[in-house]
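Two complexes are shown next, each including subunit A; its partner changes from subunit B in the first to subunit C in the second.
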Partner chain A sequence: MRMKRPAFALIAPVLTVLTCLFLIVPIGMSILAGVTENYFVGVRSGLTLRWVGEVWGLYRETIFLSLQVALATLAVTLVVGVPLGYVLARSDSRWVRALEEALVLPVAMPGLATGLALVLAFGTFRDFRASWVFILVGHVLFTLPFMARSVAAVLSSINLPVLEEAAASLGAGFVQRFFTIVVPNAKGGVLAGALMVVTLSMGEFNITWMLHTPLTKTLPVGLADSYASMRLEIGSAYTLVFLLMIVPLLIAMQWLAARGTRTLPSKRG
Partner chain B sequence: MRASRLLFLTALPALVIFIAFWLLPVSRLVLVGASGKEGLAAYLSVVTNDIYRASLVNTVPLSAAAALVSVGVAAVVGVYLQRREFRGKRVVVSLLTFPLAFPGVVVGFLVILLAGRQGLIGQVSEQLGMEKVVFAYSLAGLFLGYLYFSIPRCVLTLMAAAEKLDPALEEAARSLGASPWRVVIDVIVPALGPALVASAAICFATGMGAFGTAFTLASKINVLPITIYSEFTNYANFAAAASLSLVLGVLTWLILMAARSLSGQGSAAA
Partner chain C sequence: MATRITLERCAKTFPDGTRALEPLDLAIEPGECLVLLGPSGCGKTTLLRLIAGLAAPDEGGRIAFDGTDVTARPIEARRVGMVFQSYALFPNMNVAQNIAYGLKIRGDAPAATAARVAEMLRLTQLEGFGERRIDELSGGQKQRVALARAVAIAPSVLLLDEPLTALDAKLRESLRIELKRLLGALKVTSVFVTHDQAEAMALGDRIAVLSRGRIEQIGSARDIYARPATRFVAEFVGQVSRLNLPGRGEVLVRPEHVELGAPGTGSFDATVAVCTFLGNLSAIELCTDDGQTLLAETRVPVAAGSRVGVTLDPAYFLEPRS
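For the complex of A and B:
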């Protein structure tokens, strides 16, 4: 018994260190491989930005398209999702709860299925199918619940009805109340939701792979392409570019979360 | 009445987007799924068709095993991190959650860097004088990838659950002579129960639909997302692709719903 205790006490720290290494080491390897002259030879072959340059030459369109789709997704989720978040926070009716459940379906269902459904339904609308807006549709479906819930969570924590009644008694109409009371009070939730939406959109692959065309490739679609057909260094350099775009967003999100606004972890794979 | 109409109008744009771009396409998917020569029986093909059943038999145990191992590891790590204070803890916790934002294809690539032909595990095993270990493109590689995206999904949930554990209960059990294992099994695990169930369900559901990771790694292994994708692109078998993806969708949704009612938590589908 006394022999076993120290061994038992070691399990948790050892497993924690191993888990951290498992999650972090491959990221470090990927970064290193992206700036190494020849990964097979190793770091002694020299460090270079040549591969990053090649990624820029081969794939920069995907970077621009991903930014474009992410910003457009953000715009749509702001216009549609913030009002929706307000409704979710303000109403307890059965219909609103049902709507809330329904809107999570595109997140709960595998992205491949959502993508397939969109392709089979709209594939014959040639211009729509071929445009980047088709990808935007998929991203909006996937991110809308995150914006709405983030806003609803913040609005539920304050006494919104009282504030609204006070404003109404002073003669403020619905639209005026929305922009002068609801939106300012929801700021924290909107910001957290916005970071979440942009991060999810930039990393979305499962739906996007079904929706993309050779002329509408997003960054993750390009990544899959480079992993399959380019040398390891280029795939790594491309991954490095992706990390440089996404990590600042993640840090901002955690900084915000540390200040008291909770954001939800996402579903991926 | 007026107030509720205003609320309806406020939610209307979201409702329209949902109906036009999700409900209608998915309803159509239901019809396409039954449009093959087997008709409605296509929805049973995941068990009646040998190839699809084999795919299901690969996918379910793989996702289940990955979910169980991930939750087990994340529980130990979560409880440990919750109770220990050390410098840089916040940075460590942040790093642990970064992989949440990686697309599945990136996770697949990281597994290649670990266990592929030029991977770390291969190099280390070679230097130790063993045969070069390469398993990225096998079921084991896929399993490693599933762990990679599942563990971060559980750690934060379990850290939050561990915060609510009452150390006095463990102390009481110990003072009554319980061994460390008994404390874990009789005190800690039951208290973490709802969080364990919810986390496992999310990991299982994510694993079942994990297209990106499998796409990068599993050129040879049939898991359901890959089977669906190749029915669609390689064989233009729209009915099979539609029916299989609906079966997969309903399955993952049911798992998430069941876990939610068991664990009494908010939406598990995040």
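For the complex of A and C:
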């Protein structure tokens, strides 16, 4: 059977490389713009860290606020999402399934709509509205399903009910079982969920844009601001700063996913 | 001192209304191994879960350990050792940590725990396996770890839910012998659930045969086999043929009690329909001249189609009450 295999074998890698270039070149240009003296003149105008410095001076606060919101979001999703993931994995009641659907709603809905709903509901509580905690609420709504479902998926892949019965037969009460059996065996899901939550929170723009005040700007909101009102080099330098923060997280996530598929606990464990 | 377990009027109805267990009374003597034997859905696992405390009996049922009512006690307060068909070993712990789990939970000192774990590893012939990860063990090793873990806490009762079913045939037999030795040495009251009659006969001091939520018969392996109380027991444990004899009506007879000889030498003649060579013996399916089927066994194979004379000794006919 002679197929046109050689031709395809040649086209496929070329196509892949072209696609990658298509995706990477704009990012590379943006990064380059952030460290170029004058983008309109080009690289020959010289490379500089001046714009990064300007970003630091102008938008330092947004970087810290983004980190603060991301870590707080992580803390809340850990405390709420891990038990929630456990419930999702253990129960097959109609109500729990409905809850699972409801949980995903903020992901499916445009962020602006979620943001507006929050403003309508809580906008009148002035101190709350003006504080960064308001943004935290939006981020938790958006990221919670990622933690809960990630935990639920890992817990569903092991025979958890029997493990818990075994632990109970050995004298462990519910709390002991939760912390010695459930949480350790959910570790992979918790870790994957945690990285996802932090990454999503750092990059979240839609909901945050509706919820922020001039005093509570996160990095992505600051980015929009700089694109609109600063020179191109500063906006690009700002993008560079964001990438420096987010790329290590993405790499960690990839690494974890690759590791997870190798050592997934078996059902018969 | 081993524990005596008593169940009074214990029934179990599931929320959807199905009756898994009809009201039953049962006493399990201290140190005995009681096997619950029956087909799937007969209620044997439900009964085990009632004793374990993983399920509560219907209103009015009462379960007592050594006379103390434990009906309202959850499993974690009953001190039962459980061994599951799926092993249920904790994948986040190694072998030694699995065995130590119950000891740690009840707060034993580290030194005492380590000593007990070492003792359990020795008892189950797992010395040197303490640091192994669970997914590095074979099925047989996993079940030994599960057994060691259950026994480590010196439970008042050991509950085994089809512990050998997931293993392959050869391993199942060798582990069965090991288990018998271990149960004999521990002298702990144990309840063993299985659907395998050979396992039941090998391990049970007494066997309770269950069907459709009822105990059909309870007794020694010999009793169950030679004097089945019901037709169900006769047919579930071992092989049996139903035969309509002129002038006597229906009789039940085991294959080993059907004597074969030359045609014309027995009570009646029959034709060999199928002969299956099994090594130590051959299983024969006979067809009588009036079209009935009769199972027999012989030392030497007999060719299908041969005519044989059949002798039946009425002393061996099984006589179930119902």
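The definition used in the following text is that the second predicted complex is superposed on the first by the 242 of 269 C-alpha atoms of A that agree within 3 Å, B and C clash if a C-alpha of one lies under 4 Å from a C-alpha of the other, contacts with A are read in each partner's own complex, and residues count from 1 in each chain.
Everything below uses one rule, namely that a contact is a pair of C-beta atoms (placed from the backbone, for glycine too) under 8 Å apart; a residue touches a chain by one contact, two chains touch by 3 or more.
Bear in mind the structure is a predicted one, so any value in this text is a computation, not a measurement.
J.: Judging by the criteria at the top, classify the pair subunit B and subunit C on subunit A as clash or fit.
T.: When both complexes are placed onto subunit A, subunit B and subunit C end up side by side without any clash.
J.: In the superposed arrangement, which partner chain does A:L163 touch: subunit B (first), subunit C (second), both, or neither?
T.: Only subunit C is touched by A:L163; subunit B is not.
J.: Can you tell me whether subunit B or subunit C touches more residues on subunit A?
T.: Ranking subunit B and subunit C by residues of subunit A touched puts B first.
J.: After lining up the shared chain so the two structures overlap, which partner does A:P13 touch, if you call subunit B first and subunit C second: first, second, both or neither?
T.: A:P13 sits against subunit B, while subunit C stays out of touch.
J.: Which holds for A:N185: it touches subunit B only (first), subunit C only (second), both, or neither?
T.: second
J.: With the two structures laid over each other on chain A, which partner does A:A117 touch: subunit B (first), subunit C (second), both, or neither?
T.: In the superposed model, A:A117 contacts subunit B only, not subunit C.
J.: Examine A:I251 and indicate which partner it touches, taking first as subunit B and second as subunit C; both and neither are also allowed.
T.: So A:I251 only meets subunit B here.
J.: In the superposition on the shared chain, how near does any CA atom of subunit B get to one of subunit C? Answer in angstrom.
T.: Taking the overlay as described at the top, subunit B lies 10 Å from subunit C at its nearest C-alpha.
J.: Please identify the positions on subunit A that touch both subunit B and subunit C, taking each partner from its own complex.
T.: 265-266, 268-269.
J.: Residues of subunit A touching subunit B in their complex?
T.: Subunit A reaches subunit B through residues 1, 4-5, 8-9, 11-13, 15-16, 19-20, 22-27, 29-30, 33, 39-40, 79-81, 83-84, 86-87, 90-91, 93, 96, 99, 102-114, 116-118, 120-122, 137, 140-141, 144, 146, 148-149, 174, 178, 199-200, 203-206, 209, 220, 223-224, 227-228, 232, 235-236, 239, 242, 246-247, 249-251, 254, 258, 264-269.
J.: Within the complex, which stretch of subunit B touches subunit A?
T.: The contact residues of subunit B facing subunit A are 4, 6-7, 10-11, 13-15, 17-18, 21-26, 28-29, 32, 73-74, 76-77, 79-81, 84, 90, 92, 94-114, 118, 120, 146-149, 151-153, 156-157, 179-181, 202, 205-213, 215-216, 225, 228-229, 232, 238, 241-242, 245-246, 248-249, 252-253, 256, 267, 269-270.
J.: How about subunit C: which of its residues touch subunit A in the complex?
T.: Answer in residue numbers: 52, 54, 74-77, 79-82, 84, 86-92, 101-102, 105-106, 134-135, 146, 149-150, 153, 159, 166.
J.: If you look only at subunit A, which of its residues touch subunit C in the complex?
T.: Against subunit C, subunit A makes touches at 158-159, 162-163, 165-173, 176, 180-181, 184-185, 187, 265-266, 268-269.
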